[in-house]
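Once you scroll down, you'll see the structures, which are given as structure tokens.
Common to both upcoming complexes is chain A, partnered first by chain B, then by chain C.
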Partner chain A sequence: MFEAKSINAEHKDLIHDVAYDYYGQRMATCSSDQSVKVWDQDEQKNWILSANWKAHSGSVWKVTWAHPEFGQVLATCSFDRTAAIWEEIIGETPPQGERGLKTWIRRTNLVDSRTSVTDVKFGPKSLGLQLATCSTDGVIRIYEAPDVMNLSQWTLQHEIQCKQQCSCLTWSHSFSRLHPPMIAVGSDDNNPANGSKVAIYEYSGIRWTKTESLASIGINEPVHDIAFAPNLGRSYHLLAIATKDVRIVTLGSPPEGSSQRFDVQLTAQQEDNLSGTVWRVSWNILGTILASSGDDGCVRLWKANYMNSWKCIAVLRGDGTQAKSDTSTSSMPTMGQIAAPNQSSTTRYYKLGTITNPNQVPKY
Partner chain B sequence: MDVALALKGLQFKIKGVPQSTLNKDITDRPDELFQTLGIAAKWSVNATKDSILFDPCLRKLVNESCGTFLSGQKLSQSLGSGGDHAPDLLKLSRRYRSIIRVCRNNLYEIIESSQQDLGKLNSYYFANVLDKIELIWHLCEILYVDVVPGDIVLPQLLEWIRFHFPEGERKAATILETGADRVEAGFETAGSEKDPEYWKTVIGVLLQGRIDVTRALLVLHSDAKTTPFQHADVCLRTMPLYNIYGGTSVTVFNAQWTRWQADVRSKIEEGVFESNLDLELIMKIIAGDVTVMDTIRNHCNVWYQLMTATLFFSEPTVKSFDLSYHADHAMRAFGSNNDIQDLDKLILLLLESNLLEVIQELQKTADNGWFAVHLTNLLYLCGRLNIFDSNKVNVAHQLHEHVLLDYGTMLMSHHSLWQVGVSYLDHCPPHGLERLEILLPAIPLTSEARAFKIMQMAHERRLDSVVTTICKVMASKSLRQDRLGNALAWALRSTDANLTNHLADRFLEGFADKGEFEATDLLDNLGSCMLVSDRLTFLGKYCEFHQLYKSNNLKAAASLIVSLLSSHLPPKNFQLILLTQCIPLLECRELIFSANDTDILLSCLETLETELLTQVDSCSVSKSLDAATKEKIQLIRFSLARNLSRAIIIEGSDIPNTNSRMVNVS
Partner chain C sequence: MSQKTMCVSQEGPANALALNRENNQVVIAGRNVFKVFSIEEEGFSESCNLRVGKNLNLNFSCNDVAWNTLEDSTLATAATNGAVVLWNLGKPSRSKQQHVFMDHKRTVNKVSFHPTEAHWLISGSQDGTMKCFDIRMREATRTFMSNTESIRDVQFSPHNSLTAFAAVSENGNVQLWDVRRPDKCTHQYTAHSGPVFACDWHPECNWLATASRDKTIKVWELSLEKPVVEYTISTIASVGRIKWRPQRKHHIASCALVVDSSINVWDIRRPYIPFASFKEHKDVATGLAWRGDPQVFLSVSRDCTLVHHVFKDATRPADQANPQGISLNPAGDVAFASRISTNNVPFSAKLQGYLRKSHLTSEQFCQATSSMHLYSVKAVRETRWFVESARRYILNGRSLAEMCDHNAGVARELGRHQVSLVWSIIKTLYWSSRGGPGDPNPPSSVAVSASLREENSASNEITTVGTVASAAIGESERSARSGGGVLGVSTTTNGEVSGTGGAGDGGGDPTEEEPEIDETTEIFQNGVHFGLPSFSKAPMTQGDFFFGDGEMDPLDMDTGLGVGNTVGVGGGLLGGVGAPNGGSQVGPAGGPADEWMLPSEAFPLRHEIQDRSPPPETFPNHLEPSEQETQTVAVEEQPAPLLNVSSLITPLMWDCGHVVADALRHHASLGDVQMAASALLVLGEKRRGLGIDEATQEHWMLGYIDVLGHHELYNVASQVIQLSWLPDVNQLSQQSTTYYTCCGKCEKPFLRTGWLCDRCKSSESSLCGVCHQVVKGLYAWCQGCAHGGHIHHIQQWLLTNKHCPSGCGHLCEYN
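Here is the complex of A and B:
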């Protein structure tokens, strides 16, 4: 069912992130060797290197694609305290360049941070072209390109102090106009005494304010990745958190008369600890399947059944073999007794969205 | 067309056509192949094949079943309005089955013609899966769709067995044929018992409930004229057969049945059939004698065959809710292999009416949920899908929608079947539409034709945001390839002001460089589209000016350029170009600009010059403009002055008030 293709990325150091473009036909990788590589899928579904360049003067932590309506645009962030916007140029390939390679040029360098920039994410396109970054000194920065046709001009719109070192952030991509723009930030601070490691910020139209810290469900361990599920008309938000295990949190509207902003519920938590520390979580485009990668070198896929109970539907090993999917041991708490099929025949893993390729699972 | 043909094919099959060499070839294959390839092999034999549904030979299955699904949805709208829809639903079920049949037959044709062993094996695997699917579907149809009054299901179950295990009837047909030939040839008796398969065939058809065929076969025996055979024929002839529409009630029938069986039994005890052991065995079978159970089992390939056979001679009026008991019993009696295969499990679950588990099992089959979704849909339409959660709430609706969504989404991820997927998602409101809103723009826009197709689909569903997104992506793509005209066409469809502004600027830049426009046919025919953005309006008007100029309609061209310059539309860097283009008009032999117009142009020039000068000043590089600009401005000013003087003279006494301002023509 699941077939693993090994790609020799030839990065000279650890690969930290891999990102698919909107259609799942291109892929970008970034590494501690300070370079970024872009891969294109040919008709035989092979991944062909199409660009490779030194992007930063430090480890590149994250890479992410902008929506294709803005062109072929990447954003990267790095230990060198900067984030950068890259655009692919057609027809200006220098003749001495490697054959068949495309040129990416740096459109802008965002140098506001004084510490390592740990994550960078484009905002939902309904907000225009916005970019959020976070850094180890605990600052979230929101940038905007006022003219989407001009990617070299970015203005720093907001600076939010989080008071904890930030490791990851995620925008809520909601299709409802009723939901204000929202960002969740995770922290990999090792000290559990410093309280909840997740914070949620919302934009009121004037400023970003912290509206929730998920203190009620007590996430005090370091958070390595965080991802809002794309919201298709749900009244609540789904947030996946990668910490020592996988957790899925719902943020619903609070009961009437409550002073809380959200009704926070821990919908699912991995029961076993087979995967070890979880490093990445990633949703498919519909927000129906969650992929997580852990220390055991496996990617797990989680899916909810029609009763909204989440279960592990597949475990993929790096070598492509499907690990025994014994649903009895590796299951999330189920609300109903009814299980989703234990193998989803609906997914071809590179098609439906950005699921971390098992070969590039970051191991720290 | 195909459907009708297939239905005919179904009947044809029942009537027992001689077995084709092809099928023989397959049944001769070792059992282990069946085991590895059967429905138990959920995930295909070789790891590179992920699912059978995306195989080219099964496209028909996907497409035609979608058509049937859609007509089912149409039917569902009229379901609420009352009336008897059972025949329509049955027809629907039969259509699905015939689609499966057609595909299966196509596959066997492929197997026959294929040269490659691997291709053969794959097709064989697909056909096998389809066979099993049809077997289960047929059973579902009997138990849940084609519900007979009184719930007497056995006659249909026997038909089900006959349909899927036709070997016995086929053999019987050949024996009958040769027997008839011999009688025709003038032999006294057909002597068919010389055929080594004779008794096996007789018992086979008897166990499938074909009493008429059994009798016909017995007649071909050399001893058919002897007393035991005559008695046996009477027994078989008088056997009461339950017919729902026969008018007899179940109790009356059961009484008849018991009397008849007692009669047969007494004849056996009297030793009427003792002379022929085979005949006696047959009579024991119809008498419901438990001692011959082992023999019956040896004549059955599968446990459900055993179940129907024993039921036929012990409890012909069994109700469907008793079936699970009998199924269990038959399975234990059959029990040669202890490991229950998925197919057995499914049939057992169906007989137990455990539909939820049936659907869950089906989702695991190698057809990507094709079977699960269509069967769930059909059962849902029939109102037979009632699944309760822990709070006793019927969640059938959720389950139905869930499988539809899964299947539709799965098809959407396929590069060419996505349009079929849309049809399924259309029928699960509201989530289907929401999914479409996300999935439609995520289909790779490999060609303009596909982009148009997706746009049209989005448009029909009023997903305006999808339409806009696709246009913008296409525009951005064309722009990157420097195909400005194309980019503008897409930008216009998206009605995005920012994007069209940018593109209009690119056009003007191109014009300033090369002195001509790209994609003039598009620009000349902008029409009301030009109102999307200011810059585009200017671009459109400017092109119009060029057209007028070329067609020598100088007056109109002049008044257009004046109105353009007096508006705020032209970008600053383009005003000088516009003014330069006035020179030939100003220098025409005929007076084109009136004194008033000239005055407007002049004031434009003045403002522009001051602006340019301040710009230069702010940079503080030099105090004056560069030579070329300076020369251009001088030339324009000169032409303007000459024109103004001409205009004043021609316009005669009507001296414009601009006269008060002096024109510097140095």
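Here is the complex of A and C:
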């Protein structure tokens, strides 16, 4: 079902983030080696390094693409307490560096944070060119480029204090005018006593206010990643949370007369603990498949069936050599079957038992 | 030794600190503070305040302090007024000041004792000189002229020759000197691109670390002929101080001069991320000193505190760092980067038995790398469905029935039977009930179906059981959509409609198709008078279940019989009719349908499929002149009156809108916004009856347009925008679409109008080749020779001519 291909990214330290562009034809990686690399797909579907530059003076935590309407624009954030906006220079021929690399230039450096900036995400296109950052001192900052043609001018529109160190944030990309702009942040604070590690903020047109903390479903372990499913036509929101396991939370409209902002339901929770700590979650563009990855180095793909219960539909591993070194996964019951004869580079595809929450009520 | 993080505040910030030989006393010195503390188990206790006396002059204002390496009572300070001051703690009087060397002309930045020859003191000053003092002789024995503006740090080498020392200066240079040769330095090289603020000799190797304003720490190997950079650490701010960690060859502590108040300990082999970080200070640290133990060090900061740090309280930025990245693209490919564990063998665990001082496992901090994998989708999946459907759906320009049929056909070809079914249902509900031949009949039967719904749900449960059973079978071959499972699907027309649902279940996703049936399918089925009977058998049998279909009908009827008398009659009729009907259908359907599902053959088989697709559209309209017709008609006419009698609801009152709306909402929530948006478009004005509010409609349309954008289906997207009735969607095509044209002569863009060039001051390039007038609207031109003109003129011209109207002789090509 999936064909695995390995890319030698040649980063000198850990890669912290990978991001496809809007069309899925370019890819950006960022690493602790302070560099950002951009990869382009050629006609043979090979990924070719098209740019590589030192972006920060600290580990680069996250990289993200702006909507292509605004040009070829990347945002990065770093341990060096800054976030930066990068734009690819097209048309001006001279700076085609050696090996035909393309040139990206820093349009701006956002230096408001006093601590490491842990995540950076562009807002929905309907809001113009907005950027949210969060940092370990627990501040979310919303920037806006008032003139989308001038990427060197960004104004700090809002500063939201969220009291806990932030590790990740996500915008709700909804196309409904009934859904106000919304941001969810996760905290990797280790102290469970500090309460819920997820907070949801909504924009009223004047200010951002915290409208939900998911306290009812008790996420008190450190949250490493968080992602709203793209909302193309749902009346409710789906939020994936990477903590010690994968969780999917539904934020629906509250019942009549309720004082709550949302009807919060824990829709799914990974029941096995095969993946160890879950580090990343990511949705496909339709918001139908969730990919998660954990300490075991496997990618799990999750999909809801009609009962609205989420099942693991695939576990993706690297090639054989990687599987061998990864001894920690031997606890997986089905490992024996898959590892056996198949020496091809194709990824094994296998199904685990029931991983989802059985006490789900079908929503539809 | 105390293993606690401790802190003490003073009245002013200290610039430097120094530990005595036993590491149990610490002196801190600044402009307004000069104290000795003894370090105890639970905290600091002030043992001496040196800033006493009547005459607190600038000699008490210190940039640096050093503790004699042998004599526990001797201190030296570098004063801001250029003095180097010696202090004797053993002095009985209150003032401990022993001697003042007034040799430097400007501020002294650094004083340092020789590690073994304890009477040697060296100082580095802002005036660019270094002076070596013999504290026994009370005079500056030698002066070293650096020929630079200022010396920021100076330190005796603990290695090879006892006489070597290193000095770093603000111009980025490092100088290596021999104490015995004050005329000239032995080595000089440029180490950094900015001022060097500090240096530190490695206690074991012949390495010199330097720290600079260029935010880097460099480690120089000095054993070779030329100094070589062994390691470069890049930090986030100008580096103020550095100190090698004792007993850890590759570890060095650093603090920043500005911005960063944390103290970082680096492993020079992983120069990008601190090994440990200490965040006790609120402002930048100004001095640090290891307490002889790799786990403990002290620091002073501009926030006026002196802190005793222990390693167990450090944060480890690398552990908090996210080691993985994952991303999905519109095609469904997954990019995944994850950490490779380079050394799995816990080195320390092996050696623990041999080494007296065992390394903690947490001290393992080797270079980390990531591997990156791409998983590209190979199977037919959502993406392909989406793109194909988007391209092939017809959204306007035909009758509702035709569009629905076409779209149903497209969906079916792509193996999306539930979607196909919804299209068919929409057609049935909206077409046959309006202007169809059987105008009075279909609504009534629909009404019946509505009244049947509750009963259906009862039998539905049974169906679910069947599905679950088949799911168990299907599970093993889940990914392989077997031809057999799909067979039933191809004959979606009649009673087999329900077979479709079941069959799809058996072969494909066992559960996904169910909801369709729950809410809408059955209505359709009933509306066409076939639903119940053939409902649950298809999943039971694999492959040639069509015959089984017919055979099992009576059996299923039993389940249906519970519904009620009238229905029973109708069903009974159906059972009889359905069996031959099904049988007759299998013949034509079976063969091709088998290959039908193979995606690669979807295209060659297209015609065949279209041959087959008429049945769904014709059947409800009773247009098919086959032998089915008689049966169908018979079926339809008979139950209708029967059911009508039993049903108390006024038939025409039933509004199918909310059912369709529910179906579309369901699809939208499943992530198939394409279905929802396309159906809205196809329904045209009838969408008003759905009762879906405009916000939701807009939500779907915008969502669909966005996904189309992801797949670069701009034509479809603009068609959707154009067809949209919502102002907010419709306006999308009228925003930010600017197309500039250029002057044909000078290639300067037209700025004001599309035909007058500002530079040439003429509209020569905009002349029509036929009428020789300026073209102020659409200018059609030949791509070959670039001549053209008014589009209608060119059209006329080309009717009779083949060559360019301008006379250039080009055989123009327009298409």
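Everything that follows uses one rule, which is that the second predicted complex is superposed on the first by the 313 of 364 C-alpha atoms of A that agree within 3 Å, B and C clash if a C-alpha of one lies under 4 Å from a C-alpha of the other, contacts with A are read in each partner's own complex, and residues count from 1 in each chain.
In this section, a residue touches a chain if its C-beta (ideal position, glycine included) is under 8 Å from a C-beta of that chain, and two chains touch if they have at least 3 such contacts.
Keep in mind that what you see is a predicted model, and the values were worked out from it rather than measured.
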(request) Examine A:R177 and indicate which partner it touches, taking first as chain B and second as chain C; both and neither are also allowed. (result) second
(request) Give one of first, second, both or neither to describe whether A:I90 is in contact with chain B, with chain C, with both, or with none. (result) first
(request) Mind working out whether A:Q72 is in touch with chain B, chain C, both or neither, as first, second, both or neither? (result) first
(message) Per the contact definition in the header, classify A:I48: touching chain B only (first), chain C only (second), both, or neither.
(response) neither
(request) In the three-chain superposition, say which chain, chain B or chain C, touches more residues of chain A. (result) C
(request) Figure out whether A:L156 sits in contact with chain B (first) or chain C (second), or with both, or with neither. (result) neither
(message) Per the contact definition in the header, classify A:Y23: touching chain B only (first), chain C only (second), both, or neither.
(response) both
(request) Return first, second, both or neither, reflecting whether A:L232 touches chain B, chain C, both chains, or no partner chain. (result) both
(request) Would you check which partner chain A:Y306 touches, where first means chain B only, second means chain C only, and both and neither mean what they say? (result) both
(message) Is A:W283 touching anything from chain B or chain C once the two structures are fitted on A? First, second, both or neither.
(response) second
(message) Shared contact residues on chain A, chain B side and chain C side combined as an intersection?
(response) 1, 3, 22-25, 175, 230, 232-233, 285-286, 288, 305-307, 347, 351
(request) Within their complex, state which residues of chain A touch chain C. (result) 1-9, 11-20, 22-25, 27, 29-34, 45, 47, 57-59, 61, 79-81, 116, 167, 174-178, 188, 224-225, 230-236, 279-289, 291-293, 297, 299, 301, 304-307, 316, 318-319, 322, 325, 327, 347, 349, 351, 363-364
(message) For a test of understanding, state which residues of chain A touch chain B in their complex under the given definition.
(response) 1, 3, 22-25, 67-72, 88, 90-91, 125, 147-149, 175, 230, 232-233, 285-286, 288, 305-307, 336-339, 341-343, 345-348, 351-352
(request) Can you check the complex and tell me which residues of chain C touch chain A? (result) 215, 234-236, 259-260, 270, 272-273, 317-318, 320-341, 344, 367-379, 382, 386, 478-479, 509, 511-515, 519, 665-673, 676-677, 695-696, 698-700, 702-704, 706-707, 709-712, 728
(message) If we count contacts the way the header does, which residues on chain B are in touch with chain A in the complex?
(response) 42-43, 47-48, 50-51, 356, 360, 363-364, 366, 368-369, 389-390, 395, 398-399, 401-402, 406-407, 409-410, 413, 430-431, 434-435, 437-439, 442-444, 469, 472-473, 475-477, 479-482, 498-499, 502
